[in-house]
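Both of the next two complexes hold chain A, though its partner changes from chain B to chain C.
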Partner chain A sequence: MNRFEVVTPADVEHASAMIAKPNCAAIAGGVDVLDLQKLGVTRTATLVNLKPLAAMNGIDEKPGGDLRLGALVKLHEVAEHPVIRKRFSAISDAARQAATPQIRNLGTVGGNLLQRPRCWYFRNPLTNCLKKGGDRCFSVGGLNRYHAIFGGGPSFIVHPSNLAPALVAFGASAHIVGPGGVRTVELEKFFALPSVDPHRENDLKAGEIITEIIVPAPARGARSIYIEAREKQSFDWPLVSVAAVIVANGKTVSQARIVMGAVAPIPWRVPDAERTLAGMAPSEENARAAAKIAIKNAAPLPDNGYKVKIAEVLVRRAILGAASEAATASDQT
Partner chain B sequence: MSRRVTVELGYPGDTRDVTVEIPDGEPVPWQVPDRFELVGRSTPRVDGAMKATGAARYSYDIVLPEMLYGAILRSPHPAARVRSVDLSAARRLPGVRAAIEIGNDQARFAGQEIAAVAADSSDIADDAIALIKVDYEPRRFAVTIADAAASGAPSVFSGSNLDKPKISSKGDVDRALASAAEKIEATYVTPVQTHVSLETHGAVARFDESGLTVWCSTQGIFSVRDDLAVYFNLPPEKVRVICEYLGGGFGSKFGARPEIVTAARLAKEAGAPVKLMLPRGDEHLATGNRPNAEQTVRLGADRSGKLVAIDLVQRGSGGVGGGSGSSGPFKMVYPCDNIRTSETNVYMNAGPASPMRAPGWPQGCFGLEMAMDELARSLHIDRLEFRRVNNTNPVRAHELDLGARAFRWDDTKSALAKQTGTNRRGIGVACAAWHALGASGPEATAIAHRDGHVEIRCGTQDIGTGTRTALAIVAAEELGVPISQVASEIGDTRYPFSLPSGGSMSAPSNTPAVRQAAAHLRDKLFRIAAPILGAAPSDLEARDAVIRVRFDPSRSVAFKTVCRRIPGDSISAQGERLPNYQEFRPDQAGCQFAEVEVDTETGITRVVRVVAVHDVGTMLDPLTSRSQVNGGVLMGISYALFEMRRMDPALGLMMNPTMDDYKLVGPLDTPKIDVIFLDVRNGGTNTGVLGIGEVVHVASTAAVACAVSDAIGVPIRELPLTPDRILAALEHA
Partner chain C sequence: MKSDKPKKSHKAALSRRSFLKGAALTSAGAMAAVASLSHLKPAHADAPMPAGAVERLGPGPAPIELKINGEVKRLSVEPRVTLLRALREHLGMTGTKLVCDRGACGACTVLMDGRTVTSCMVLAVDARGREIVTIEGLGNPARMHPVQAAFVVADAMQCGFCTPGMVMSIAAALKRNPKAGEDEIRQSVAGNICRCGTYPHVFAAALNTARGFGAGKGNA
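== the complex of A and B ==
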């Protein structure tokens, strides 16, 4: 394993200044950072330990109903938090289905959003792939059963975060502290396609740190769901995941946000499918139609056409699942 | 001197008297009427607490003074000539104590051992590995059967990559198939599966004035000893091999494998002990695997459903190794007058195969049983009935009945015929066979100490099946003492000789030696007790922690009191495992039933329940036996649904050599597993215990695969049964 030093910053600004230097990076839960160091994918000399930064911790429900998630909050805390389970259940469902209990006890919200792709060409020390500075994506013409069906090219990785689709579905934003100060960015605009830059998956600049996530209060009558399909039920990455937030008034959907995970290099929102649902009853037939629209631009590789079928099924199920809860909630209020 | 004894063998409902000649001092084989204190009752593992608390010492845990850490450099190329290896920069790195070439001038798979170092820390060793300069001349390679068998394929060794087909034939298969009332032909494909033992391979090696001592993770301490003695030109007694605890092997840990030899070579060169345990990735690349197979099966049957012909044309690849045959089940499960098998081993540039839990059988059983299902459907015969019709083994016939009842085959089948919706359930049944009678060779020492505790010494090793517990049960039963009074000492070549733990050999080979040793020890204690009780030694028995007069149990003396009369610190007796005498049956049957549920929209499958029925010879311990069945079934589910070594044909690399990407069954994928044991007093040895490590795994994959095809109504003939394959099959249904 590459040797590195771990340093402790005084505060977030200090941490930001340190990781802005070359060959430095942040570490929190360390689940992915240490894996990448061990594999030699990264050879970072100095890791700046964010864990002592208490300001980046905590789950709070703001007076207006917004949810604040500190970037250092552990996945298991997200999975079990009563407010999140009640009002933002797609987010707690997404956290609960990630990895294993041991990893959920270490992995953080920020780390889950910023983890690098699981692509086996990216992680294999013997392949110098596009993402690592090489000149080709080996999934093209290689083993691509788990790769992107949307938004691929020139790299075909899929974004591995469970939380990202759920947070994007809720319209969440990230607070980012960097050398240039503080900025807030909608998560939907934070993730970046490989066509923009194949070497990164997001818009985080040198020295920047996500400090917290703000999830706006959902509209009245909103219900959410996160579901995923994985080959095995213990410790596996989703083949496809879907997060949906559906707002229903009476018998019709007033608003829907549907975001797929593990299908594209970024969380993959499907606005056309969302629009189809607006003003419609959340019926089996309408859910089917929306699901069909959700996958219409899929561009599968030779080995992953099956993911398109799964994506269609999961979008339909997510709509129906969220809508049935939304309808119930709407009846009650 | 020997005597003839008649024993009643079999199981309630099917017993027979068998007369065998046994030498003096050999206990009478356990038979049907025998009643036991410990044998057949659930005994928690004697070393369970040690393992659970971390007190048990595995090779990984060995730390010696002045110990160095070894690391191996492996070829990144699937095929290359090694023009030169330059160790000078590695040797110059501070902290490096030894650097050696492994001596492979050709790399034939990515992961082949090229060089190794030993250093003060594993970090330094890793740094030194990176400093080794190897001049490779990369060559063309082939990492799939199709590529390796194609004309013009690069030679893995020299000449053709295909071995001559191994053909076995009886009767006239072609004629029988031509005249069969119903026949099917299909090709069944299985992937390469890696062993993924919990403990990686490796060793700690030390040379000193007494010779070479090696602590290693091995299934065969004596085979490692013999290999190392040859390699280092030492008399075997100058090599001591120790394996106190072993974290699994499944067939991949026999002999002095490269990493063991390398640890010892480094220790010799450095003049200090060296620990060399492999990292996880190397386990997938270089320490063995179950070969893949492409099996074209033709079966023919008459109108009544009797098989008239079985034909197998198979090819498979053990990478740079051989042993890819899978014909066993085709020859041994369903008797038939006309059977022909052809097996061809294909070499390719991938890690070498090694034996893996019932070598050849799970893949053969998958091909055979899938074809049986397809033929039963053509014949419009119930699939279970089709097996019954073609089964001639009375034990298996009984097992099929027990299993069908427990599984509720008929009721489930009727219920499933009416199922609707997108989640579809299906059921499957598959038959197993094995030959786990053990072998002669092992010896054991039984020692009684003055404080009354008993020690059993036997140079076997526990692959994880509960060997210490099995030996202690047998000794405690024979001596009539509680199991807490018995300690099993194993895993050291200083102990009496035993065989490798493989081939389901351990329990049937070791327990008779231990029983004989314990019987001899008991006879010695009887001679001490006889004067105390005023009776002849031959009139005594040992039960309930006392030695007493058989016809007058009120005249007794505590076992511990007798031990206090031992003149020295202890007394000991030897036992040996004799060649088998006549058994109730020379084989072992078994059958497994599975129910699965397939989400036909996503292709995701889960196994709902499994019923496993197995004969075990004399049942020693239902608890550890059940644990073995659970393990066999789970490994079979994993092979059916998840596991596959995925090679990139263009790069020649395995793309999933990690616990993340190599998919293994996990807790949430575990079904309800019901285990039914048939306690058969099998004779053959004084215990009649059979090994069950392999037979319990043979049919698991096939039963699950048959159930999946039943669920979706179309056969899927290639493993693993991943969602892509299931959705594709449904699309073409």
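== the complex of A and C ==
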């Protein structure tokens, strides 16, 4: 690992000004930042330590029912928090299935959303791939079993965050502090396809820092679920994950939001599938039909066609899983 | 199965262990000597940061204090030095193992404020002010922690590289829930990889500890 200095800023604004400078980057939990430094994929000279910034920490339930997650909140806190488990269970499920116990004790919400892709060409310091300023994506014509089946091109990475699909399914927004001031952006619009810019996975500008995530209060009768398929059960990155938030009134679905992870360079929402469910009973048959629609635009690479089938099955299971809970909740309320 | 295995000679195990430990300490000593060249002023604790102040450490060595196994240790490290390397190479505490150095294998697991972390992904400077517990702080051959004793009884190791990390993860899980069942035990070591495949014995050791037997027998 290259030598670097660690600077502790007084506040978020100071941190933002510092990381806007070349060869500076923010560090919080440090899991991905140190991994990339050790690999030599990055050789940042100054790391700006966000950990002591208390304003970026904490989990709060707002009076209106919104959830505020400080960007420095650790994944284990998200996984264990009683309010999140009860009202936003897809988010706690996603956090609980991320990485390992040891990493969940270090990794933060902000870091999970901003971690760089797991693509083996991107992480190999010997390849100058498209994402690192090179002229080609080596997954094209290379080994691509874990790569994108939706939204690929010119880069075919998949977004590695577990929390992102769950947060997008809940319509969460990020508060961002930067040199230009403060802004709030819906996470669905925050993540950016490689066709926009292959060098980054989101809309974070130089010097900008995510300070907190706001998850709006779910509608009455809403239930959520996050499930994933992996090669290794103890811990692994998902081959495909699905987050679903389903609102049911009586026996019909009034609203559904379905977001897949690990299938595209961004969390991949499937509005067509969501629309087919609206006004319908959350039956096995309707879930099966919606799942077919969810995968209809899949464009797999030579090695990853298997992910299309997994995605279809997981979408169906997620709909049925969330809907059965939503129906129960709706009966009770 | 168990009785088919040739019993490892205690003496042979010790001499192999002391050889490795001696070799590690020698290299740790050499590193400490190099580090001390730029470590001319006495180490001191960093004062608590007044509001608005900015701390800048490195890239050269900075004197820090770490609280490890209840003892304050003074050392001088570059900010890029991980807690794992600080333990092994600066403090000669080689019980915590370096294997993948990427937070993926769990061999370097220590407790930080009571929670397991991969010490290879923690900067030593970020461990300041935290309570660190390593395998050395959990117990020693004469006074084993119940989990360590249960590992001996259940023969829950082969090459031993994953063992300190496994023990730390299980000790932390059982501290939180002393009656943890197999699912919870499996979850607790989900981040600890054993390439010898000793998992069944590891789970048995953990469950024996949770059920309150196996503890202490390793001392006999």
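Descriptive notes on the structure:
Keep in mind that, in the parts below, the second predicted complex is superposed on the first by the 333 of 333 C-alpha atoms of A that agree within 3 Å, B and C clash if a C-alpha of one lies under 4 Å from a C-alpha of the other, contacts with A are read in each partner's own complex, and residues count from 1 in each chain.
By our rule, a contact is a pair of C-beta atoms (placed from the backbone, for glycine too) under 8 Å apart; a residue touches a chain by one contact, two chains touch by 3 or more.
Bear in mind the structure is a predicted one, so any value in this text is a computation, not a measurement.
Using the contact criterion defined above for the overlaid structures, shared-chain residue A:185 touches neither chain B nor chain C, since it reaches no partner. Applying the stated contact rule after C-alpha superposition, one finds that A:4 touches chain C and leaves chain B untouched. In the superposed model, A:34 lies in contact with chain C only, and not with chain B. Once the two complexes are laid over each other on the shared chain, residue contacts for A:140 go to neither chain B nor chain C.
Contacts of A:229 after superposition: chain B is touched, whereas chain C is not reached.
In the superposition on chain A, A:20 makes contact with neither chain B nor chain C. Overlap of the chain B and chain C interfaces on chain A comprises residues 1, 3, 234-235.
Per the touch definition, chain C reaches chain A in the complex via residues 49, 51-60, 78-80, 82, 101-104, 106, 109, 112, 115-118, 121-123, 125-126, 169, 186-191. Interface residues of chain B, counted against chain A in their complex, comprise 76, 110, 123, 126, 601-604, 606, 641-642, 646, 648, 650-651, 653, 655-656, 658, 660-661, 663-669, 722-724, 727-728.
Contacts from chain A toward chain B in the complex involve residues 1, 3, 118, 120-121, 123-124, 126-127, 138, 141-143, 145, 229-236, 239, 303-306, 309-310, 313-314. Residues of chain A touching chain C in their complex: 1-11, 14, 30-31, 34-35, 37-38, 45, 47, 49, 51-52, 76, 99-103, 105-106, 234-235.
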